[in-house]
Amino acid sequence: MSAFWGVVRRDLLIARRQGGSSLLAVGFFVVVAALFPFAVGADPATLRGVAPGVIWVSALLATLLSLDRLFQADFEDGSLDVLALSPLPLFMTVLAKVLAHWLVVGLPLVIAAPLVGVLLNLPLAAFPVLLGAALLGTPALSLIGAIGAALTAGVRRGGVLVPLLVLPLYIPTLIFGVAATAAAADGLPVAEPLMLLASLTLMALVVAPVASAGALRLALG
Amino acid sequence: MSAFWGVVRRDLLIARRQGGSSLLAVGFFVVVAALFPFAVGADPATLRGVAPGVIWVSALLATLLSLDRLFQADFEDGSLDVLALSPLPLFMTVLAKVLAHWLVVGLPLVIAAPLVGVLLNLPLAAFPVLLGAALLGTPALSLIGAIGAALTAGVRRGGVLVPLLVLPLYIPTLIFGVAATAAAADGLPVAEPLMLLASLTLMALVVAPVASAGALRLALG
Amino acid sequence: MTVMSGWHRFANPTRFSRLSARILPWTLALTLVLFAAGLYLALVASPPDARQGETVRIMYLHVPAAWMALFVYVLLAVFSGMGYIWKHPLADIAAKNCAPIGAGFTLLALVTGSLWGAPMWGTWWEWGDARLTSFLILFFLYLGYIALWQVFEDPEKAARAAAILAMVGLINIPVIHFSVQWWHTLHQPASVFRAGGPTIDSSMLWPLFVMLGAFKAYFVTVLLWRIRAEVAERRVRALQMMQAEA
Amino acid sequence: MSNPAPTGLAVDDLSCRRGDHEVFAGLSCGAEAGGALVLRGPNGAGKSSLLRVLAGFIPPSAGTVRWKGEDIGDDPGAHRAVLHYVGHLDPLKPVLSAAENLTALARLMGGQILVVEALERFGIAHLRDLPVRFLSAGQRRRLNLARLVATPRPLWLLDEPTVALDARATAELEQLIADHRAAGGVVVAATHIGIEIPGAAVVELAGRRRRAA
Amino acid sequence: MSNPAPTGLAVDDLSCRRGDHEVFAGLSCGAEAGGALVLRGPNGAGKSSLLRVLAGFIPPSAGTVRWKGEDIGDDPGAHRAVLHYVGHLDPLKPVLSAAENLTALARLMGGQILVVEALERFGIAHLRDLPVRFLSAGQRRRLNLARLVATPRPLWLLDEPTVALDARATAELEQLIADHRAAGGVVVAATHIGIEIPGAAVVELAGRRRRAA
């Protein structure tokens, strides 16, 4: 177990030293969401209507953007070889890296979500649900994204491919996340989409580390 | 001059060999544009209203995503040292790399813009203006993006930093691009936003190569 | 004891080549016959729909294409799993060559669907419709799978990477199939493959099934043909390599 | 050597294929506890490939590798816990300091962690708190090699370990290898020149020349 | 050496500061046309830093570097057109073939382009059409060095050029350097061991020990 936390601590330390990866992801999240009123016009009614969607799409893009180098950096400097020699099974190493990534990027996004909600005129009543949905959904985004990052790790400039591979897999999370937020905004029941969101995350938790580990092994060969 | 085309040809060749950077950027463009209706709901009237905005935001993101490694790759493998020893002034080298990038990513985006227009229910009458605006605006996106890419070339994982630096600079292009497209969709005059778009691109053409060259020199030190 | 790995298996004529050579003419003939019969039944023999009129005939292309798109993806994932576990290159090649055909079916279903939608729903495309959009996602999945094969130089690695993606993507299939039940959509719910038996009139059901048979036969024919082409190509390369290393 | 003592590494009839190029075939060699193998051969002969096979990163296309009598393919988890692999690249993060890098790497490997000793051994203790991005090529290499000291493991696979090292550091590495072998460890090193490993068995890789395409 | 012939390189009272560390100071040396400088010193002594100053990548904190009598800071554009710099990294794109990489690099440098000769000279003509990602470390290095042949330039700055080379390739490089000097070129090479440059002036860099922070 200590090796697991070793991986987590290492990635957290690197993120901290690299100067605010969290800040950057959150910044991106907020900037993209803030671009929207510019792009679609400032009419408050329109804005309120599209708010849940815009929030989720920009959270998704922020995650995606920060993900493409999740394994690539370790591949390029040979750290992946060392990670593969840890006594930890490779899928646990992946899980540790994803956990660190979520702590650095996902969690700050969750915390920033209400701010973006305010920017986009989301009704106040929807805020608790938005927070809950984000908390349930962002781990799935990190986990699924890890598969794409692992598949392209050994491939030079494979990063460009990550969105194409991962976005289709993100759709269910996106749908249920938006559904929960929109339902809350309209005062409708939210239990069902939240449950579905949670089960997606659970599924990702089972599938993603194993799939990513399989993909990473290719990069070692 | 031959060294200038040497740089352009080299980058085009790499893009070709790397297997469809164009396809990937266009794919991303289309997928992101396709995500939005998903997220904001289906009402065709709403959709038509936000179409110009969505088209421009996703073109912008596609450019951004493909840009972050514009100089990073050359920095990491030492090619930047060689580029700096070319008889060409560094800002011309930057211009050559940006030109190659635009040919690989910007131009295909322009060509794909009508497709996204169809997906998003944009009125047919707006298509010629959309094409014209994209042709005028995308070079500015590549040029401005180059500044961010150059600034972060020396910094590991600077990729995440680029959006934050560059997105604010993109806002004017975004505003006039959307304005032109929306005006055309509503049958209003488009000359003014198109002119402004063109002058933004000209300005970027003057400022961006010099600014990027200065930033790159820091990465050499 | 040496198991010849990868490409070198293709240096020798495999059982597959002989077998497929024998099957191919039959599936080709079957394809032609079924298409002829199916098109006759669909366009001439079957009645126009009471509500939909003649446009209902699009159904005979749309529905089999949509079913095949889903079926081919599942098959692709199964082949991928076999290739991944048993490391048999033939399964990898089969999976790889399913993809373009499946993407073609998906595109056909999308195009016929929106052609049909224009008169039926008054719109080509409806974003809020979960069936439609999730089906578009299937198209993107196919594209991602094809792209992933392209970026690896080493076909064995490409096969394993693509297999992982294919198996993970399988999760989207039930989402697509059940989307009609989960969300109330424009698109009609399952009327053939449903608990409690089909609800379509047999005068339409028969042509539909014949067309489905035709699509299946076409798929088998094209798949076998593509696999043979790729195996032959790899065999040539393997022989060249063995010569070079001799 | 086809019947080596089960205390060390035994390579039997090993072949390696990368892409569609057969890098080497039918290779047999071995080293008992305390022994060493030196891999030699011209550029492209397959030294690095062999090391990656021994580490379990590349599955061999034929033949077996045994560590203490066990085929490494049977329990990859056990094998990866016994070895250190030092490749061409220094797996260091430029933003972390020397000590942080080494601690992080050692923690990944689990077990005992001797960071201070390791840094001192390679004469870079005074660089402890300097971010790695400021280190020279040789200083980075020393830091990378310090891993060998920081977490003791019995099997060392070294791919041209003396690259960028000055004479003093090379001598230190030679001493380290001697100590390691004296304690029963096994060393496999690929090298063109520049390092003395007394009593090591030399494996000459011929290199199959790839045909011009 | 403070008054060198204006046909070659002259370094006068040069200091270099990186970050807040003074790497070297008051360094003077030089080489006339046909001459060579070998930089020696322990890891971290400043060999690589000196080469980057000579290339014009790092501005010196004091002192001057002259090429044929002209201060290189006066017209950086002219200076960068006369030199080749071979650093630690191989500036090669893995997706391009060996020949494509070399052609692209040569084209960047402008002037004459001798790709085929260059590949043959380093014994990698048979790898011409192979993507670089499949090359071994030594094969990559050879390809990198082939730049020197592909576009002739008078001043060569080489940072540990023999890394990863086998004995044959090292001998070839020595011959290449000799030919270059015979034709009036100047070579500055940083190296620990492993290369013979007859008659080269040796510059010993002492290395100021950085204070433990």
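When the chains are written out, they are named A, B, C, D and E in that same order, and each has its own residue count from 1.
Definition applied: a contact is a pair of C-beta atoms (placed from the backbone, for glycine too) under 8 Å apart; a residue touches a chain by one contact, two chains touch by 3 or more.
The model shown is predicted, which means the values in this text are computed figures rather than measured ones.
Peer 1: Fewest touch steps from chain A to chain D?
Peer 2: Counted as steps through touching chains, the separation is 1.
Peer 1: If you tally the C-beta contacts for C-D and for B-E, which one comes out higher?
Peer 2: When B-E is set beside C-D, the one with more contacts is B-E.
Peer 1: Counting in whole Å, what is the centre-to-centre distance of chain B and chain C, each centre being its mean C-alpha position?
Peer 2: Inter-chain centre distance comes to 36 Å.
Peer 1: Whole-Å distance, chain A centre to chain C centre, using C-alpha means?
Peer 2: 31
Peer 1: So what's the Cα centroid distance for chain D and chain E, whole Å?
Peer 2: About 29 Å separates the centre of chain D from that of chain E.
Peer 1: Of all the residues in chain D, which ones touch at least 2 other chains?
Peer 2: In chain D, residues 18-19, 21, 88, 93, 95, 210-211 touch at least two other chains, as defined above.
Peer 1: Give the residues of chain C that touch two or more other chains, as numbers and ranges in rising order.
Peer 2: Within chain C, the residues that touch at least two other chains are 133, 140, 143, 147, 151, 153.
Peer 1: Give the residues of chain A touching no fewer than two other chains, as numbers and ranges.
Peer 2: As it turns out, chain A has residues touching two or more other chains at 18, 76, 156, 161, 164, 167-168, 171, 175, 221.
Peer 1: Quick one: which bits of chain B touch chain A in the complex? Just the residue numbers, please.
Peer 2: 18, 21, 24-25, 27-28, 31-32, 35-36, 38-41, 46, 49-50, 52-54, 56-57, 61, 65-66, 69, 73, 76, 156-157, 159-161, 163-164, 167-168, 171, 174-175, 178, 182
Peer 1: Can you check the complex and tell me which residues of chain D touch chain A?
Peer 2: 52, 55, 57-59, 77, 80-81, 83-85, 87-93, 95-96, 100, 104-105, 107-111, 147
Peer 1: Under the touch definition given earlier, write down the residues of chain A that touch chain D in their complex.
Peer 2: Residue list for chain A touching chain D: 2-3, 6-7, 9-10, 13-14, 17-18, 74, 76-79, 81-89, 220-221.
Peer 1: Which positions of chain C touch chain B when the two form their complex?
Peer 2: Touching chain B from chain C are residues 123, 125-129, 133, 136, 140, 143, 147, 150-151.
Peer 1: Could you list, by residue number, the parts of chain C that touch chain A in their complex?
Peer 2: Chain C residues touching chain A: 84, 130, 133-134, 137-138, 140-141, 143-144, 147-148, 151-152, 157, 160-161, 164-165, 167-169, 171-172, 175.
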